[in-house]
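Labels for the chains are A, B, C and D, by order of writing; each one numbers its residues from 1.
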Amino acid sequence: MQKHILPIRIYYEDTDVGGTVYHANYLKFFERARTESLRTLGFELGELLKNEDTGFVVSSIEVDFLQAAELDQLLYVVTEIIEVRHASIRYTQCLHRDTAEGTLLCRAKVRIACVDGQKRPRRIPKLLLVEIKK
Amino acid sequence: MQKHILPIRIYYEDTDVGGTVYHANYLKFFERARTESLRTLGFELGELLKNEDTGFVVSSIEVDFLQAAELDQLLYVVTEIIEVRHASIRYTQCLHRDTAEGTLLCRAKVRIACVDGQKRPRRIPKLLLVEIKK
Amino acid sequence: MQKHILPIRIYYEDTDVGGTVYHANYLKFFERARTESLRTLGFELGELLKNEDTGFVVSSIEVDFLQAAELDQLLYVVTEIIEVRHASIRYTQCLHRDTAEGTLLCRAKVRIACVDGQKRPRRIPKLLLVEIKK
Amino acid sequence: MQKHILPIRIYYEDTDVGGTVYHANYLKFFERARTESLRTLGFELGELLKNEDTGFVVSSIEVDFLQAAELDQLLYVVTEIIEVRHASIRYTQCLHRDTAEGTLLCRAKVRIACVDGQKRPRRIPKLLLVEIKK
């Protein structure tokens, strides 16, 4: 279970009249990073749903907003899995500025639950579980 | 085919670092207004899809952004159907400030196409067509 | 410090390919509700910034996503202040379906910090503090 | 004035309950591409505003939505400047699937106007004009 790093560029769409990134948009960055960390393991969300009747929903999130990001900045989401259970995964995700070790802007704990196409809880498919735990 | 009027309040989520409403968000306001004008006629998009296998997709849009909207402002979307065909509808939608006759901020021509659940073109269901043409 | 209730209608813009509301968008609903609860007390965010050099930033948030909201649903955000300090406010916000006592979909604890126009921490202006504590 | 190409990955945040990308979000992709084409020339929007009192606002847009994009797809925005005037720029922007010559999904004509920090029209700064016209 290695750390995954995703660069994110800040565009106008991400900002608000306060001059910095709108707080809810950090959740989008974290979700892009979780998606890319799965893609790195060889899994795409669309295919998982079609072929394995498997999806993921966010069941809880805790976010500390420490410092605001600004237009044009290049950020790095550092994603780490901290627990894998039969039907859920817990992540820690940190957003850094300029480099993956740069100033910490935002830190999140995210729990996602595995569901089927009807959004009923289900076990994480084995082939995925094996790759995540490597 | 009467004019439909929908009030819209501007929140932080709608704005960008330029200090005004982010341009793509006006399209959301126009779509809320089209949705509400259908609801006024007794139709909900979710039910149309479930019960009539009918949805709508935006096929083209032309927007003139005349003056920017700002945080806390109360806007009014004035929606008018200008043409109804077998499988498409054309709208003119205008965004005004403070009242439905206030300063014109933004004007759009929108064409939506009727599709089935697989996004294939289809005729607008008769019961809907009748209400729209009233 | 009374409960504040805000109705929210779900539109296409709020949903995702999973068929329900995109998780980050609940944060927008909660923020609209905090904004409206201030407006009820006679304060607008834009005016507070211009006249009092006062803004608010979300400093932390905890959200439990219990059940997903769907297109066309009418939801109610119930907002309650649970602590007011010199430079921050803590809220509990709950999202219910159909009525303000309907099925609980989502529950959040939100802490916002008072800042000046340069995003430096500052005390909440007295005239605002008095109204909030009423 | 060369064509600029920007890859865009589709995430959950971009989609809606219809199963494809929400129509207003294509405008975000086009704007990211215009921003990156400026960055390629050595200009950042945030710096232009601070150092040159120069910004850009979208003054009109025409979009044809030909085919919908889906989750996980890799798209390419092809951006071309078709006219540069003293205080405005006109673009053609096309969104293709899989490669920059792949299936055309969406085509836009966008006109942006140059403004100062107070959103008043102004001439495009010479140093920028020179680079754009190269």
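Here, a residue touches a chain if its C-beta (ideal position, glycine included) is under 8 Å from a C-beta of that chain, and two chains touch if they have at least 3 such contacts.
It should be emphasised that the depicted structure is a prediction, and the values quoted were computed from it without experimental measurement.
K.L.:
Counting C-beta pairs in contact, which chain pair has more, A-D or B-D?
P.N.:
Counting C-beta pairs in contact, B-D comes out ahead.
K.L.:
If we define chain centres by averaging CA atoms, which chain lands farthest from subunit A? Would you check?
P.N.:
The most distant chain relative to subunit A turns out to be B.
K.L.:
Using Cα averages as centroids, what's the distance between subunit A and subunit B in whole Å?
P.N.:
33
K.L.:
State, to the nearest whole Å, the distance from the C-alpha centre of subunit A to the C-alpha centre of subunit D.
P.N.:
Comparing mean C-alpha positions, subunit D is 26 Å from subunit A.
K.L.:
Quick one: report the Å distance separating subunit B from subunit D, using the average Cα coordinate of each chain.
P.N.:
Roughly 23 Å, centre to centre.
K.L.:
Counting only residues that touch at least two other chains, what does the list for subunit D look like?
P.N.:
Within subunit D, the residues that touch at least two other chains are 12-13, 17-20, 24, 28, 31, 70-71.
K.L.:
Any idea which subunit C residues touch subunit A in the complex?
P.N.:
18-20, 23-25, 27-28, 31, 46, 55, 57-65, 68, 119
K.L.:
Give the list of subunit D residues in touch with subunit C in this complex.
P.N.:
Residues of subunit D touching subunit C: 12-13, 15-20, 22, 24, 70-71.
K.L.:
What does subunit A use to touch subunit D in their complex?
P.N.:
Residue list for subunit A touching subunit D: 9, 11-13, 28, 31-32, 35, 44-47, 70-72.
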